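One structure coming up, written as structure tokens, with questions to follow.
Labels run A, B, C, D, E, F, G, H, I and J following the written order; every chain starts at residue 1.
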Amino acid sequence: MTDKTKLLETFPNPNPERDYTIIHTAPEFTSLCPKTGQPDFATIILEYIPDKICVELKSYKFYLQSFRNDGIFFEAVTNRILGDLVKICKPRYMKITARFNTRGGISSDIIVEYDKRK
Amino acid sequence: MTDKTKLLETFPNPNPERDYTIIHTAPEFTSLCPKTGQPDFATIILEYIPDKICVELKSYKFYLQSFRNDGIFFEAVTNRILGDLVKICKPRYMKITARFNTRGGISSDIIVEYDKRK
Amino acid sequence: MTDKTKLLETFPNPNPERDYTIIHTAPEFTSLCPKTGQPDFATIILEYIPDKICVELKSYKFYLQSFRNDGIFFEAVTNRILGDLVKICKPRYMKITARFNTRGGISSDIIVEYDKRK
Amino acid sequence: MTDKTKLLETFPNPNPERDYTIIHTAPEFTSLCPKTGQPDFATIILEYIPDKICVELKSYKFYLQSFRNDGIFFEAVTNRILGDLVKICKPRYMKITARFNTRGGISSDIIVEYDKRK
Amino acid sequence: MTDKTKLLETFPNPNPERDYTIIHTAPEFTSLCPKTGQPDFATIILEYIPDKICVELKSYKFYLQSFRNDGIFFEAVTNRILGDLVKICKPRYMKITARFNTRGGISSDIIVEYDKRK
Amino acid sequence: MTDKTKLLETFPNPNPERDYTIIHTAPEFTSLCPKTGQPDFATIILEYIPDKICVELKSYKFYLQSFRNDGIFFEAVTNRILGDLVKICKPRYMKITARFNTRGGISSDIIVEYDKRK
Amino acid sequence: MTDKTKLLETFPNPNPERDYTIIHTAPEFTSLCPKTGQPDFATIILEYIPDKICVELKSYKFYLQSFRNDGIFFEAVTNRILGDLVKICKPRYMKITARFNTRGGISSDIIVEYDKRK
Amino acid sequence: MTDKTKLLETFPNPNPERDYTIIHTAPEFTSLCPKTGQPDFATIILEYIPDKICVELKSYKFYLQSFRNDGIFFEAVTNRILGDLVKICKPRYMKITARFNTRGGISSDIIVEYDKRK
Amino acid sequence: MTDKTKLLETFPNPNPERDYTIIHTAPEFTSLCPKTGQPDFATIILEYIPDKICVELKSYKFYLQSFRNDGIFFEAVTNRILGDLVKICKPRYMKITARFNTRGGISSDIIVEYDKRK
Amino acid sequence: MTDKTKLLETFPNPNPERDYTIIHTAPEFTSLCPKTGQPDFATIILEYIPDKICVELKSYKFYLQSFRNDGIFFEAVTNRILGDLVKICKPRYMKITARFNTRGGISSDIIVEYDKRK
């Protein structure tokens, strides 16, 4: 899979003097199962405390859309989204929660955190 | 954008001898996107522990309405509302939660806190 | 406004040997706005840990009903209910949560606590 | 109020050979009360059976947004939206349901229908 | 009980050329039980097709508030509201649905209709 | 089982000149299973169009409570309540819906109607 | 698959003189997919107007449980349950609604009716 | 009131080597008000960490049913259930939450805890 | 766009002697907007009365997935799915309801029917 | 009961360098009551922080299905699932929550945890 971080645009945090939380909830994430080629669907919840940089919302939408035809496992895609966003934003704190729709009668959530302050 | 704090009226806290919490939930906030000019819609939740001064509810409604035709970003407007109210009320604690409606399939919450006691 | 505490009846706590919690939720509270004379509506949630005395439920209903034609602000009525009940019950802990219906598109919660143990 | 129908764009119905129903639900409508100048908020539900012409969705969004700073009553705006759309689309059937948020503790729905076939 | 119809104001139906429906939902109705003096609480849903006259919303709110300290039974108040509004508005159709809160573990709805066209 | 209709009190219909509907919803009905002696629980919904007589609410509550320690099947108790109320009220129309809680993983509704007008 | 109707017990309708409706909702139905051997799960809703005979609830539970290890398609099992119950009960009317859980991201309902009166 | 603990049967905890939590939620509890004789209804939630002994579910159901015709106050019955179960099970931790239905427009929860480890 | 009907497999209706209804609800439909290339998301509800032929569920899933990277408008895709399924199944009745997610703050439903019996 | 751990397949944790959480929610668990032979139904929620090994989702589904015709008590099956998964995955943390459907009017949750780090 190619580097997707170049899809992400940023803007300077307008209030870096205080900690505050930004949550973006994207219920229309879809990728492919690398085993079966079948589509997977998830809600991706990004929660972070920005440091000097915020992620620009429209570019983040395009970033998530870029997984549409990629084959990638639940655990891998969730960890990758965290990794890409931490690299670009260098936030004080970040959490990705991915809630995947039912497959074989079982739904799955993957929750990954990054904390610069620890 | 002009100073909006003069729109805010206050009254003396009737029970300054104890800490207690006031929550005002305003589901009819609307402003404009500074990039596209398109309207944004949000629910603004103000939670605070008053010190000597409480914000008067009707003037707070007019204050929120004054953003109706202003172009302002999600992060900026949430931080600004906190700043204006802290300046006027000097509360012991205050939190603004702004829940913005879906744009491009993604909804956004911005959560900003002020704590005099820390 | 006259003293309403005489409306409140009590009974001895049947289990004073342990801390336990009693919650009474009253969704039919109504009083008047002292400015406009318009009726206000709220749900009053009383939560407490009794010490030697419990508040009798029927008398508590009559106590709440006695505000029906009184003009009183949100913050004042919530603090007053706490004050009256603490005076009568002398509880180990007490919290009043008043959830007022929407006025001018904004709903309001007032949350007041008393803690003898602190 | 100026003629707003020029804001509405259309496209040819791709399946005029059969009756079918299109519903567009717009929860972000806002206008002003002509008496008080206060903002009103509504969900506008457009349901219609197209004949030769369909209303284009993006232009319909701009049409609804154009009421943002107009002073207009509930009954009038609902009837006007129906009138404008019937004039432009000449549908076989059309219904506008406008659900206005609570004002003074009372919420209001206005439901207007047009039926060419009757 | 005095004549309350003088509290109701009206305005000319802006679109008498077509049948359309107006629904006003008022969840804050309260009156007294004529037997016990205890307060009753209800949601009053007014649905009507206006002829030449519409009921003005604010005056309708004051009309409903005027029952606050009246002792009146469920069936009687619902029929009376219908009677008063029909007298004032002379609508093509009108329905009052009154949903009363639980009393003695039982909730009650009263539904009354008027149809000029039958 | 003894005659329970003597528990039911009535009052004259205040508006016999028009058809209107009264619904009483009682979620606290309980009786015993005649086979096992185990308690059954149901919500009883009484809907009727009164003729000359209405059923008094408090006496109806006592009537329903009188089944508390009776052993009676779902179908029988629902038909019996309809029979008793028709006998006492002689309504224009009446329907009893009894929604019984889950037994052995299966919940049951019994719906019985009487229509004098047919 | 063997004849399962012998599992079903009945009792005489206590009120054959009138039409009334019985609904049994069973959310714990499970059988096997005949193709894959994988378990299927459904809620089975039986609605009927009895004639001379009612189905006994406990035996109906055992009848539904008897499909636990049978391989049978959605359409076939729904039609079969209707057929077996009509054969045993000879009702005036009967409907089976089977709501099957999601398989491959798609949930399925099968609705079958029998009407002696038509 | 007689000793009800003899109704409760137990079985040895199959996994005493670790702390784990058992929650039994019983929405069909009913007893009588000792003042008025009127039935009360509640949901009883039992949560505990067993030590050497678990309470057997069916006997617990019969234990709860044994209050059906007893006159007992909210606070007393909740404390008594805790007391009886602690005596029989000697758990590491136990909590009883009793949620009583609305009486006079007010619903009540009583929450009692026992903690051997403190 | 190529012919997709060859993706659809069928099986003989096991009960052609009676009318019955099959509903398949697929909440994971996605295609592309032909104007912007942006992904659209919808729930597709297929409801039909089979004649001699039923659509096989797994092949129907693959058929819906085949639109994943096609650019096609809301109205066109809904009409096309109906057309393809009618051609393959020749049902007695069929309805497609497509509920599209919010775009620009407006959600859209398209409802298309086919009725052989009319 | 035979050893079921051989049904469980695993894969290497793709991100062992950080703690993150995986939740699999399986609402279609069914086993048999060892006393009555009657089927039990539960939702099994598996939450864990993987160390070097993750459990493969499809094999976990087959593992849960293998209890379908086993007689086993609520407490025992929940503890056993935890034991089997800890043995195979050696996780940093694991919790099993089993929510069993209502039996005799009472629903039951069993919650078991394992924490390597304590």
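To be clear about the criterion, contacts are C-beta pairs under 8 Å (C-beta built on N, C-alpha and C of every residue); 3 or more make two chains touch, one makes a residue touch a chain.
This one's a predicted model, so the numbers in the text were calculated from it and none came from an experiment.
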Going by the contact rule set out at the top, which chains touch both chain D and chain F?
-> E
Intercentroid distance (Cα basis), chain I paired with chain C, Å = 56
Between chain F and chain G, tell me the centre distance in angstrom, where each centre is the average of that chain's C-alpha atoms.
-> 28
Centre distance in Å when chain D and chain J are each reduced to the mean of their C-alpha atoms = 52
Would you please write down the residue numbers of chain G that are in contact with two or more other chains?
-> 27-28, 41, 101, 105
Could you please write down every pair of chains that are in touch?
-> A-B, A-G, A-I, A-J, B-C, B-D, B-I, C-D, C-E, C-H, D-E, D-I, E-F, E-H, F-G, F-H, F-J, G-I, G-J, H-J
Within their complex, chain F touches chain E through residues 13-15, 18-28, 54, 57-58, 60-61
Interface residues, chain H side, partner chain C - complex | 73, 75-76, 78-79, 103-114
Please name which positions on chain D make contact with chain B in the complex.
-> 27-28, 30, 38-39, 41, 65, 68-69, 101
Listed in rising order, chain B residues that touch chain I in their complex are 41, 101-102, 105
